[in-house]
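Got some structures for you, see below.
The two complexes that follow have subunit A in common; it is paired with subunit B in the first and with subunit C in the second.
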Partner chain A sequence: MNNPRRRRVLTLAGIAAGLLTLAGCAKDAPQDTWQPAGPNAEMIDNLQQPVFLVAGIVGVIVMAAVAWAVFRYRDRGQAIPEQTHGKPAIEITLTIIPVLILIGVAIPTTSTIFDLAKTDDTEMVINVTGQQWWWEYDYPAIGDNADKYGLSQPIVTSGQLVIPENTKVLLRVTSRDVIHSYWIPKLNGKKDGVPGRVHLLRLEGSKPGIYAGQCTEFCGLSHSYMRMETIVLKRADFDVWVANQLAPYESPAEGTLAKEGESLYIQQCSRCHQVNGLADAEGNLIVSAPEQYVVSGAAPNLTNLMTRITFAGASWDLLTQQCRDDVWKASANEFGAKYLSGVSADCLNQKDLREWLRNSPEKKPMYVDPTKLQETNGKYRGMPALGLTEDQIDALVAYLLERK
Partner chain B sequence: MAIIERPSTEIAVAGGATVGVKPSEALGVFKRPAASNSWRDWIVTVDHKKLGIMYGVAAFAFFIIGGVEALLIRLQLMGPDGKVLSADQYNQMFTMHATTMVFLFVMPMVSAFANYFIPLQIGARDVAFPRINAFGFWCWLFGGIFLNTSWFLGGAADGGWFMYAPNSSTLFSPSHGVDFWVLGLQITGIASLTGAINLIVTVLNMRAPGMKLMRMPIFTWMALVVQFLLLFAMPVITVALFLLSFQRTFDATFFDVAAGADPLLWQHLFWIFGHPEVYILILPSFGIVSEVIPVFSKKPLFGYPIVAMSGAAIGFVGWGVWAHHMFASGLGPVSVAVFSMATMAIAVPTGVKIVNWVMTMWGGKLKFSVAMLFAIGLVVQFTIGGLSGVTHSVAPSDTQQTDTYYIVAHFHYVLFGGAIFGLFAGFYYWWPKMFRKQLNEGLGQWNFWLMVIGMNMTFGPMHILGLQGQPRRMGVWTEARAGEGFFNIGFWNMIASIGSLILAVGVLLFIINIVYTHKSKRVPIAPLDPWDARSLEWMTSSPPAEHNFDAIPAINHLDEFFHRKYAEDPTTHEIKQVATAEEVLADMNAHPDEHIHMPSRSYWPILVALALPIICYGLIYNRLLMAVGAAFLLLTMFGWAMEPSTAPDDDFDPPAPSEGGGHTKELAPLG
Partner chain C sequence: MITTSSKLLYGLGAGSLAAGFVWFITNEGQQLGSVMFAFLAVAFIFMGAIASYTRDGHILSTDTSAHGSSAAAQKSVGRSLWPFGTAVSAGVTVVGLISSPGIFKVGVALLIAMLAEWMVSNWAERASASNEYNIKVRDYIVHPLELPIAGALLLSVIVLSMSRVFLALDKSAGAIVFAVAGAVILFFGTLIALRRDVNRRVVGGILGVVLLALAGTGVATALDGEREQLVEAAEEDHFAHRGCTEEKEYSDKKASRAVAMKSSVQAAVILSDEGVLYAEVDGYETAQTAITLQRSNPSTILFINETDDARRMVLSYGKVVEDLGGGVEKETALEACTSKVEKGGQQAVTVVIPKPSSASDEPFTITVPGVDGAKIDVFVP
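Take a look at the complex of A and B:
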């Protein structure tokens, strides 16, 4: 009986040690919390690694003590032990040691808490708004954003947050409905987006690349499908991205399938999904009004859909597997160009996009059943199935492919 | 043999004027039920031991329900894009899994042990308010059943056991699930509150002569701390639940952001309850292993006063750490730093307990019964859970870990590896006391080892999953975010799911063990003192008679029973057995107490409790039904108030009023 117990203790100690040493070697783990890629996450990592180590050592010591007691003092017919009620010296020593260890942990913890909360050297501000079940990013055209980063107009995008390398970006996180939480593990810890409140979260990436994240506050039915990425671009690439986003709208050429798609889009989609510059037959600009149809009052802006490489709460790829890997696994130097090339006709992941257009609530659970919308006065929570024909889907896909 | 009497009918009954009415003269429905051996006796009983067993059986049934929910969750997450459950079903499943395990298994299982053993450990004949005790049990049971009927009435609650606003409003959770959850928890909460008051009064007032607080068995100590935590924590969640109820049922706007509310109000209320709740779940198990480890080490608990006081310290500091559940919720850096440090501080009294358990074993004479194995299992696994707890007391680190599987790993090590292992230690340790038979030790070994392997295989890998960034409460995970290599999420999710099946087999073996022990004719009646125990509950027959002790013992020591069995040789300082348990008992019972007063059975606790779910169904579906329930409640409360204080036992004659009951050795329990 004693041997299995010792073995178990050794196994547990082994697991603890294994965790400590090997987790750092994880390959291609998009949300690994131990692979920081920016100063904020590094600050956290520098704090937590010693804490994990100390905790691991204390754990091994306690388990060794248990194992030794179990082995050494098992009943081998020894006399009934002295009925001692404790030794104050041991008690006090073994209380003071953990107190000292914890003081040693508390001091750097406190200073890191305040360091992470610093905002006075912010270089760029982005408003980040969660709603069921996607993130909206709004780059206001004010202050340094306009003066230093060329944002002559605000940019509104979703799913993928694009930021310049080595720039102290301040996210102003909030929500339009329930509580969500913005989390890009390799760049910083998480921060809740709470309706009615604005919380500040600093992001800074020190290497170009795509950093995955996920909403981490339970936010209802499709919480699992509320993902996001943060894209870090070299400064020059970021300028190209800004220029792309602000480029004027180009209507598809007459007679093309995409042109058909445009009128279908105006009919079916533009009530909720804004495309900047899109105009109706009389030339009047179309302003979407999602607040009339959706509980949160917002739907993703699709002006530059195909510059993003994921859609529907970053839950599905717009790129086929091969093209996706090409971008996600690109080296820091090549990443910018590959990301900026967006989604081409050859690379488009037709399957998921078409499934989405065919019946979105089947792909991603959403509250769109008209019989169950009394509480919301008929407003949807999510995107309803539009009942499109395959031909209509062809036309829409052709139109959307040009949204770059 | 002691002479058992029912309390005299000296207080006014039915009309207020009559004094000393013979119970047999009381009017029909108001008569208290007489003792019987049929199943009906379980319905009307006020005996703390029967209520303890009923709590235990029902809580274990809910444990199985919560376990099946957990298995479904693990099946769903076994591979990517799980199809076992829909998103909606998954959300209901994890909400109800946590709710069931916390409110319908661990808490009532603690009530089972506390009800059964506190009066025995302090040398009392029953609790202070026996009818209230029965009322609490029925409230809890009906509340739990009410909560689970939501599965068949349009779906269970889907907002998580933390039920954060505003996701819990009718706008975002339109089914009646959350209504069932809120109202069900209100009903079960009555049990916690009445139980807390009852047990505090019992422990403070009804201890045997000579039993100072610092001579109380440590389980009673820990349970006492827990009752104080409940007394102050339950009102907070009650208020929060009322606010939510009013919002959902009567369109109040406590958590409505558009009306100016701040949803963080709910989080503060919930966690001011929720964090003490964690200690409510774990401290009783600390108490159990603090009984078990000394018995099987043949040594007193090392540093008994320090263990008792560190329990009390946890009870105090436990109120100052709630916001560590909210490090990512947008608190300012000053609050975060303060709660970060408070959380580190609470690790100290907790660590002290672990040290004391190890030091109790140190230098002992250890016998590895299954109860002892489970207790050692708690020490080891709770240490792991405690240390991962320290890693997220470091707030910046916690902003990476919170709401990931790392947290799931942490609290399952604490609550499954800790609290539930402690409860299992209690099952094996106290089984012969409660049921006259020892659970089979061989099957128990299998039970223990499968649970250890299953538990560590299920929850160990979750540390990795969390650090690899897998968030909690997601019904599906995707290959695209799983990563590659040894630490990929897919592999460890698979391991965790297989582990959960092993864990389930381990629990199943416990049930098989119970059936075997009680069905097999080969299992003998357990000896009076099978473990050579130390505390008072073993100083009476097994199972104890209704009145617990024929003679209430006078207490001269901590570990009184041990000191009656063993003595130190004054010259050699060797510990020698001087009496067997049977001899101690015979000696004690040589002069049984006369005129032992025991409370009579009552119909009313179950009837009053039955009114509450009727009212709640009415609140959800039909206000008329609510009125019917309310009328029923008033009538049954009237019945309770009018009930004579004693049963119409034929052989009973109340003492003449002039004698005034002054000849009794003990006050009759009230209530």
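Take a look at the complex of A and C:
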């Protein structure tokens, strides 16, 4: 070690390795499988920690052996040693040891896989449907959902999946268009949403909070903007959430800006977006028809838009930075109340929502150029730009603010 | 010096240059074409230059030692089929341009194949001074492609002909004919295999005759058309019976084409042997009497009949009202049905329900006509 140059190289290598290690200690890592927040993710973590350890030790031993052999037998001009063929004792040992290690790893792996696939203790079932580029959740109003969780009517929402704490929730994951994949790293592994198929995924959160995830199957243009969050609420808070989702529609007061927004909404938006309970001037309920305009046949249900705090594939906040931090960083005890207060006029992130209404495809790339829709019979993939004026946007924002 | 072959190459180079100019003038703003032609011209002129420099590979007259051994001194090679083949392929391509894209594609494929063969042969003929060696290199290069393609072509002739015969013959007759044919082939095959000194030509001849006979029968039966039942089945849309109308004779009862579709369904609806209708839904442990289908989502539902009678499943999901003008409205019930299923059979239907069930006056249901009280509620949120 007296060669200064070699010492320099070693120091640099050490610094690089140190930096890499430090990079793993990112403080704000919302999508970290190494920080499980529920029993399913814990099962995975309990498996991967020892496996990683074993793999690490084996890796270090192998690397060290290679390095040693390279150094020990380097060419110093010595004669080529006698060449022999094979050493059965070593070969057999070196086959048996890895086999034993792999068997040792396989046993807990298999049992974890089966544990994770268990569904007979399910307490709540939610349908999860992926489409380009957002997730829809619908809570069926049958079985335990109706009997034990007060779901007298189905709930349809998007982006943020809300589940009660310490409850074994079973997601039935599918897709309306291409393959997507649902992954909330802190709660469980991932499951593909495949058109025409139903895949089951258990979710259970043991601490109230927001758990972020991202579609993990490349699904086209805005794949990177296809995010999702799972919200874990205390049971009492969850009941409040359900009751609020099912509350009857309230039309804005006559003469307000929001009322103007309602009629604009009926003209411009209701053909794609459902608002439950919204009726036209004659009192007929309005049923949206996204199947006529959107390739995957659906658009987010906006009945309770402002109870979610992110929008458009959970890619933008509906809350200003300060209000956002207030909810995301709330303690487990305070979180429920903060989340349930939804988006107020003061906290609304006007900038992103307005940009969305002004020109959604500019914010999130989507296939909505009217001149290029021959292949899809004029249907959009995503939400088209609607050419709204600023006054119209004011009215729509006022209307949407009341959707909670 | 301008030699024989460099003349051609220089000519092509000049032609490409000219074409590049014409392109540039006629397609303003679109330079890609002219760039391509320019590249072509450079390539041709480069090759021309090489030809000039090497004087087409001829040796100097003063170099007497090479007179007997040079390539040019070897006996000329045999006639080549490829120019003829290329001409025919070009003809096919032109015919295809006029008549149908299918023929055009075949023509282009043939043209490419012929030109490739021609190029390789041409090159191989000059590869060395030894004729024998030249043939060997040609085969070495071309056989790995030629043999599999020829084999595939031969196989497709056999398969196509046999399948035409199958489709034309009656179901049971087909089985008999091919069982007999198989036995005969096995018999003669054994005979030939047992004899050591069979003449290769004899075997080849027999195989050739058999192949011709097979292809001939194939063409004849293809012209004659498929058997009656298949024609009728095709007319009534054999495998796609999804309507709720009177069932036709050939609609597919086994739905064997739908294995993938049945592998992961939204719900399996079962009519038990006591006539009770229930649903098995992935994610629910117990039998269900209500199911939820996502709106606008293609959903497959599998129907299993365990009763002794043939039954069908009917999924009703509201109705559409069409305004025919003048105050006249036409109501159409929205339904999806399986075909009738025998005991133990399964049938799947895929439906896309665009409207929520809450928006319909009548509830959405799954029923089995003829079985009282058999009903499953369907919710679409």
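The working rule: the second predicted complex is superposed on the first by the 378 of 404 C-alpha atoms of A that agree within 3 Å, B and C clash if a C-alpha of one lies under 4 Å from a C-alpha of the other, contacts with A are read in each partner's own complex, and residues count from 1 in each chain.
As a convention for this text, a contact is a pair of C-beta atoms (placed from the backbone, for glycine too) under 8 Å apart; a residue touches a chain by one contact, two chains touch by 3 or more.
Bear in mind that the values here come from a model prediction, so they are computed numbers and not experimental data.
S.K.: Give one word, clash or fit, describing how subunit B and subunit C relate on subunit A after superposing.
M.R.: These partners clash in the superposed model.
S.K.: Between subunit B and subunit C, pick out the one touching the greater number of residues of subunit A.
M.R.: B
S.K.: Quick check on the superposed pair: does A:197 touch subunit B, subunit C, both, or neither? Answer first, second, both or neither.
M.R.: both
S.K.: Between subunit B and subunit C, whom does A:105 touch in the aligned arrangement: first, second, both, or neither?
M.R.: In the superposition, A:105 touches subunit B alone.
S.K.: Touching A:142, do we find subunit B (first), subunit C (second), both, or neither?
M.R.: In the superposition, A:142 contacts subunit C only.
S.K.: Applying the document's definition of touch, where does A:73 land relative to subunit B and subunit C: first, second, both, or neither?
M.R.: In the superposition, A:73 touches subunit B alone.
S.K.: Between subunit B (first) and subunit C (second), which does A:122 come into contact with in this model arrangement: first, second, both, or neither?
M.R.: Second partner only, subunit C.
S.K.: Using the touch definition from the top, say if A:156 reaches subunit B (first), subunit C (second), both or neither.
M.R.: Second partner only, subunit C.
S.K.: Subunit C clashes with which stretch of subunit B: 3-11, 435-443 or 471-479?
M.R.: Among 3-11, 435-443 or 471-479, only one stretch of subunit B overlaps subunit C, namely 3-11.
S.K.: Using the superposition on A, tell me which residues of subunit A are in contact with subunit B and, in the other complex, with subunit C.
M.R.: Residues 194-197, 199 of subunit A touch both subunit B and subunit C.
S.K.: Sort out for me which residues of subunit A touch subunit B in the complex.
M.R.: 1-2, 4-5, 8-9, 12, 15-16, 19, 22-23, 25-34, 41, 43-44, 47-48, 51-52, 55-56, 58-59, 62-63, 65-66, 69-70, 73-75, 78-86, 90-91, 94-95, 98-99, 102, 105-106, 109-110, 112-114, 116-117, 132, 177-179, 181, 183, 185, 188-192, 194-197, 199, 212, 214-225, 227, 295, 315, 317, 365, 367, 372, 374-376, 381
S.K.: Which positions of subunit B touch subunit A when the two form their complex?
M.R.: 86-88, 91, 158-160, 164, 166-167, 170-174, 257, 260-264, 297-306, 328-330, 332-333, 336-337, 340-341, 344-345, 347-348, 351-352, 354-356, 358-359, 361-368, 376, 379-380, 383-384, 387-388, 390-391, 393-404, 445, 449, 452, 456, 460, 463-464, 466-478, 480-481, 483-489, 558, 562, 566, 568, 573-576
S.K.: Contact residues on subunit C for subunit A in the complex?
M.R.: Its residues touching subunit A are 261, 263-266, 282-285, 288, 290-292, 294-298, 300, 350, 352, 354-356, 358-359, 379, 381.
S.K.: Quick one: which bits of subunit A touch subunit C in the complex? Just the residue numbers, please.
M.R.: Within the complex, subunit A touches subunit C at residues 119-120, 122, 125, 127, 129, 136, 138-143, 153-156, 170, 172, 174, 176, 194-200, 274, 285, 287, 289-291, 296-298.
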